[in-house]
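Two complexes follow with subunit A in common, the first pairing it with subunit B and the second with subunit C.
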Partner chain A sequence: MDLYGLVGFNILVGIGTIALITVGLGVIYGMMKIINLAHGEFMMLGAYATYVATAHGINIWIAMLIIAPVFVGLVGLVVERCLIRFLYGRMIDTMLATWGLSLGLIGLMTSIFGNDPRGVSTPVGSFSIGHYAASLYGVVIIVVAVLALVGLYAMLSMTRYGLIVRATMQNPNMAAALGVAPPTIYMATFALGAGLAGLAGGVLAPISGVSPVMGAAFIAKAFITVLGGGAAIVTGTSLASGLFGFIDTFVSFKSTPVIGEVALLLAAVVMIRILPQGITGRFLRRSL
Partner chain B sequence: MSQSTGTRRGFLKLGAALGGTALSTPFIARNALAAEPIKVGCLLDQSGPLGLSGQPMLQATQYAVKVINDQGGLLGRPLQLVVYDTQSSMQLYTQYAQQLALKDKVAVVHGGITSASREAIRPIFDRFKTLYFYNTQYEGGVCDRDIFCTGTTPAQTVSHIVPYALKNWGKKTYIIAADYNYGHITAKWMTKYTREGGGQVLETDFFPLDVTDFSATISKIQQASPDFVLSPLVGANHLGFYRQWAAAGMKSKIPVASSVFGLSNELNSMDASVTDGIISAFGWYPTVPGAGSKSFLDGMTAMFGKGLPMLSELDSASYEGMMFWAEGVKKAGTIDRLPVIKALESGITIDGPSGKATMDPATHHVIHNAYLAKAEKAEWVIQDTYPASPPADTAAVCDLIKNPRMDKQFIVNVD
Partner chain C sequence: MIFRKLKRAETSGGIWGPIAVVVAGLVLLVGAPMVTGTFGLLQLTVFAALAIFALAQGFIWGFGGILCFGQSAFLGLGGYAYAVGALNMTDTTGAVALAIIVPMLFAALLGYFMFYGRISDAYIGVITLTVAIILFDLFNSTSGDIYHIGQAPLGGFNGIPSVPPLNIPGDPDAQLDTTGLWYAAMGALILCYIMLKWILATRFGRVVVAIRENETRAQLLGYDPRLFKLLTFVIGAGISGVAGCLYTNWGAFISPTVFSLTMSAQVIIYVLVGGLGTLVGPIFGAVGIQYLINLAGGQHVIDPNLLLGIVLVAFVLLVPQGVVPVIRNGFRRLMPVKSPGPALTPSVSQEVSQ
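Up next, the complex of A and B:
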């Protein structure tokens, strides 16, 4: 019984982790149609921001929940102004440009901090489920993932900015005719997506470690989840991470992490075959 | 200098040695070559995921070359390093290996970090008759007359870790290993030694190098509830295991021993609360006592400053590998491949950072001291010393004196 509790908890943490690494990409790829291959490196920048901030004595919660997303959001702003804004509507070109960006960021961080993985210590301890122990940090991941998704949902559906963003993504010309400046909205949305990636990097830093090449471990899962989720980013990301997180963690527990990863990819292939537009391409189409 | 004169000179030298007049390099030939440096190739990852291990290995190699050159070089000629950064990429290993063998025509190549990279370049150096030194602790079993392996093998490390764990912690173990040849073969050795010690392996799990999330595994380990965990996990991503293990509060419940932990500055890059209590065994630690160890550390610090990471066996073995080759050249009186191999097969002993180290003629592996240590407050505290540990794993299957044409890697069989 305790074991079911532990596995159940791990599945929730697995889902939370996937949701967290995906939500930023959901904004940039799902909404803006920018194939951001530098998503993993945005996470890496968030992790380094957390590392540097805590090394300078800043409280770790402030470092990963505020400094990391704000810093990477600002980086996203600069990237959008210097690179991405010339590439709207040219999906394949964005892929090439962001791939170059990701290599550049890895090289930049390597030359600043070196190759060695850095650590950020976990701010909370552990708790027990029966006679099994689990990390309390898993709770932090779940809570942050839920808050990020709920916050994004609330912002898109309830605020004026959210309405403008949705309108701009749907039809930029019409939005412009109604007095909105699409370039500004694009810029802000890209920064938002980058900031969410930074948040994910900051929150995952204590468990994955911080190194210039850490982004590669996340990027594939993030893209699969966004594609699996479909057009509605909040609902799609939640559903797809729920499905993939469950399959990955459960199969990993029953067999090995390799088989877990295989099962995840297999599920993704089957799902894309059945639902080429993602889950929300067929179900819950009017959701966000 | 063309290849044929070199061989002729080596032949003359050999003839002279046989004639009983050792140390007689033809006077004229030596003068003619005095100015020309001996090229020494080096293939180590300076960037990418393995760069962290490769950078200090290259520094140790450069330090060894400096020590040799300060003493007047070899055969009156200075050494010149030819270094290529393999960038943690197998493709670059094969490309640069061919370049070193065919274009640069180096006398010897030192390098390779992962077993995968060694197996990628070993056939190339075999084919082009280039002497090759692999200076990394690895899974053992390579039996090939063209290669010398100066790092420790499971018989020198795992064979000490497992009995220590069985004696101090209990009989049941859970093995978590990296999913490539090193992890698979080392896991087999761990299984073998555990069974021989009367222990039981509950489960063995393998992880590709890009796995960062170990939560499912940590649950599985708890369910199996072993007395200790054995970990040949490799690389920066796998360090996540140790962090998540500590974060789940498991560190105080089930101890961990590893055959790789400590080779990449782990004690400095992770919090002491994560690393304290982890057991490992290597041929050298910075805390190993002795004059050789101290002079290596002092020399490295003097050459590269305080920015050095915590050095490990990879670095001491890189240094010792160069010194072994230098002794072989001195003894052979030439840099030609076959005479140097024969000289090294005469059982050369050097005084390295780890103490006395002897080249085992039959296996081309090194008999040297091994140490078992425990991480305490970001330092390796030596628990036990095993003087003159032989590479028994490889020696059991490999005899290059009897079968000089042997060219394979033996893999231990465990059902």
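Up next, the complex of A and C:
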């Protein structure tokens, strides 16, 4: 019974992790139809921001929950102004440019910090499920992921900014005719997505370690989940994270994490044959 | 889209250009061992292997319009298939066949789900990229004695060392030395170039290019884009497998880094820098970029990844059509010769923006 409890908890943590690493990518893809191949490197920057801030004696919660997302959000702002805005409407070129950015960021961080991985200590201990000890940090990941998704949903459905963003998503020309400046909205959206990637990087830094190439460990799962989710940001990310997080953690528990990843990929490849537009491309189409 | 810049497909070009390329290749094939030593020849061999890899990417992307971001998956599968085959058989001819067949089968399976699912270009890019990442993780995790295929231990992160070199078909004792490997690599490059030129001149090749230009129109004319794209993808995988086999031979070694994202990015950069929609472009791109990376590896000021990133961003923003088309168009403007085919016309369709 205790084992079921532990596995259940780990599955929830797995779902939370996938939701967290996907939501930033999902915001940028869902709103702007841009696939940001530098997503993993934005996470890496968030992790480094957390590492540097804690090394300077800043409280780890402030470092990972505030400094990391704000810093990476600002980086995203600069990237959008200097690179992405020239490539709107050219999806493939955007992917190539963000891939170049990803390589460049890996190279830059290797030049500055070197190749060796750094560690950020976990701020909380563990708790017990029956006979088993489970990391309390898993709870932190779940809570942050839920807050990020709920916050995003609330912002999109309740605030004026959310309304404008949804209008711009649906019809940029009409939105522009009504006095909205789509370039500003795109800029803010890209920064928001980058900031969420930074948050994910910061929160995952204590368990994954911090190194220039850490992004590659996450992006495969994040891409699969975004494609599986489809166009609706919050619903798609939640449903796909639930499905893929379950498959990943369950298979990993039965075999190894790598086989879990392979199972995830197989599930995704079969799914794109059945649901090419993702889950929300067919079901719950009008959701956010 | 990048294709907007392509004035006309290379398929309708004259016969003299390709012949000049093949002659230049043959001259290099024969001449290189006379003018350069063992080290230089080894360098040229890996350039030739990577140029074959670039040809595969240039074919499926530039002519088939298939955006494969994980071409290194096929390079790696080819390399591993060769290594496993060579360690299990005395004659490496069978291993070479495996190096071509295994990536093709894998591509056929993956391609079926992608093309028959009718997913968009961007999705194909992301799925292929993901496949390469996961193969990298998978082969990294194969350390230990339980992971072996026949006599060949997979070796995890350390890869497979001391892979037997190619031998002359049917004679396992006649193993190729450095010069022999150079002839094999350069010969394979020339053959792949000729084969792709030939494919593009056939009816099949014309349909492939037509589908790139306008998928809907090609479909309305009765061609099944899914099947043609799948076949193009499989051909590209086979050629990548050849490149992987030669790459393994070059170092007598293969490790999971062949599946790495950097490898996939490099081949994209070769094609983009050389010129999308040409076959010579990717070859020159591969040699030029690889030369630059070697230079960067020799000094420690600029990280190679940073260099690759800057090159990729700069070309996407500034020269999206690549170097070879720019030079060729410049020449045509300087010397307006009578062109053998139809006059320079804008491409039939404007790509529908996504």
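Quick notes on this structure:
The rule is simple: the second predicted complex is superposed on the first by the 288 of 288 C-alpha atoms of A that agree within 3 Å, B and C clash if a C-alpha of one lies under 4 Å from a C-alpha of the other, contacts with A are read in each partner's own complex, and residues count from 1 in each chain.
The definition used in the following text is that a residue touches a chain if its C-beta (ideal position, glycine included) is under 8 Å from a C-beta of that chain, and two chains touch if they have at least 3 such contacts.
Keep in mind it's a predicted model, so treat the numbers as computed, not measured.
Per the definitions stated earlier, placing subunit B and subunit C onto a shared subunit A by superposition produces a clash between them.
Of the two partner chains placed around the shared chain by superposition, subunit B is the only one that A:132 touches, whereas subunit C remains out of contact.
By the touch criterion defined above, A:110 lies against subunit B and subunit C together after alignment on the C-alpha atoms of chain A. After overlaying the two complexes on the shared chain, residue contacts for A:68 are found with neither subunit B nor subunit C.
Contacts of A:27 after superposition: neither subunit B nor subunit C is touched. By the document's definition of touching, of the two partners only subunit B reaches A:121; subunit C does not. With both structures placed on the common chain, the touch criterion links A:247 to neither subunit B nor subunit C. Contacts of A:265 after superposition on the shared chain: subunit C is touched, whereas subunit B is not. By the touch criterion defined above, A:216 reaches both subunit B and subunit C. In the overlay built on the shared chain, the residue A:3 is in contact with subunit B alone; subunit C does not reach it. On subunit A, the surface patch touched by subunit B in one complex and by subunit C in the other comprises residues 110, 216, 256, 258, 261. Residues 1-2, 67, 69, 110, 113-114, 116-119, 121-123, 125-127, 129-131, 133-134, 137-138, 140-141, 261-262, 265, 268, 272, 302-313, 316-317, 320, 353-354 of subunit C are the ones touching subunit A in the complex. Remark: subunit B residues 47-49, 51-52, 55, 179, 205-208, 210-217, 219-220, 222-223, 236-237, 239-240, 243-244, 246-250, 253, 264-265, 269-271, 273-274, 309 touch subunit A in the complex. Subunit A meets subunit C in the complex at residues 33, 35, 37, 83, 86-87, 89-93, 95-97, 99-108, 110-111, 216, 219-220, 223-224, 226-227, 256, 258, 261-262, 265, 268-270, 272-274, 276. Residues of subunit A that touch subunit B in their complex: 3, 6-7, 10, 13-14, 17, 110, 114-119, 121-122, 125-128, 132-138, 206-209, 211, 213-214, 216-217, 249, 252-253, 256-258, 260-261.
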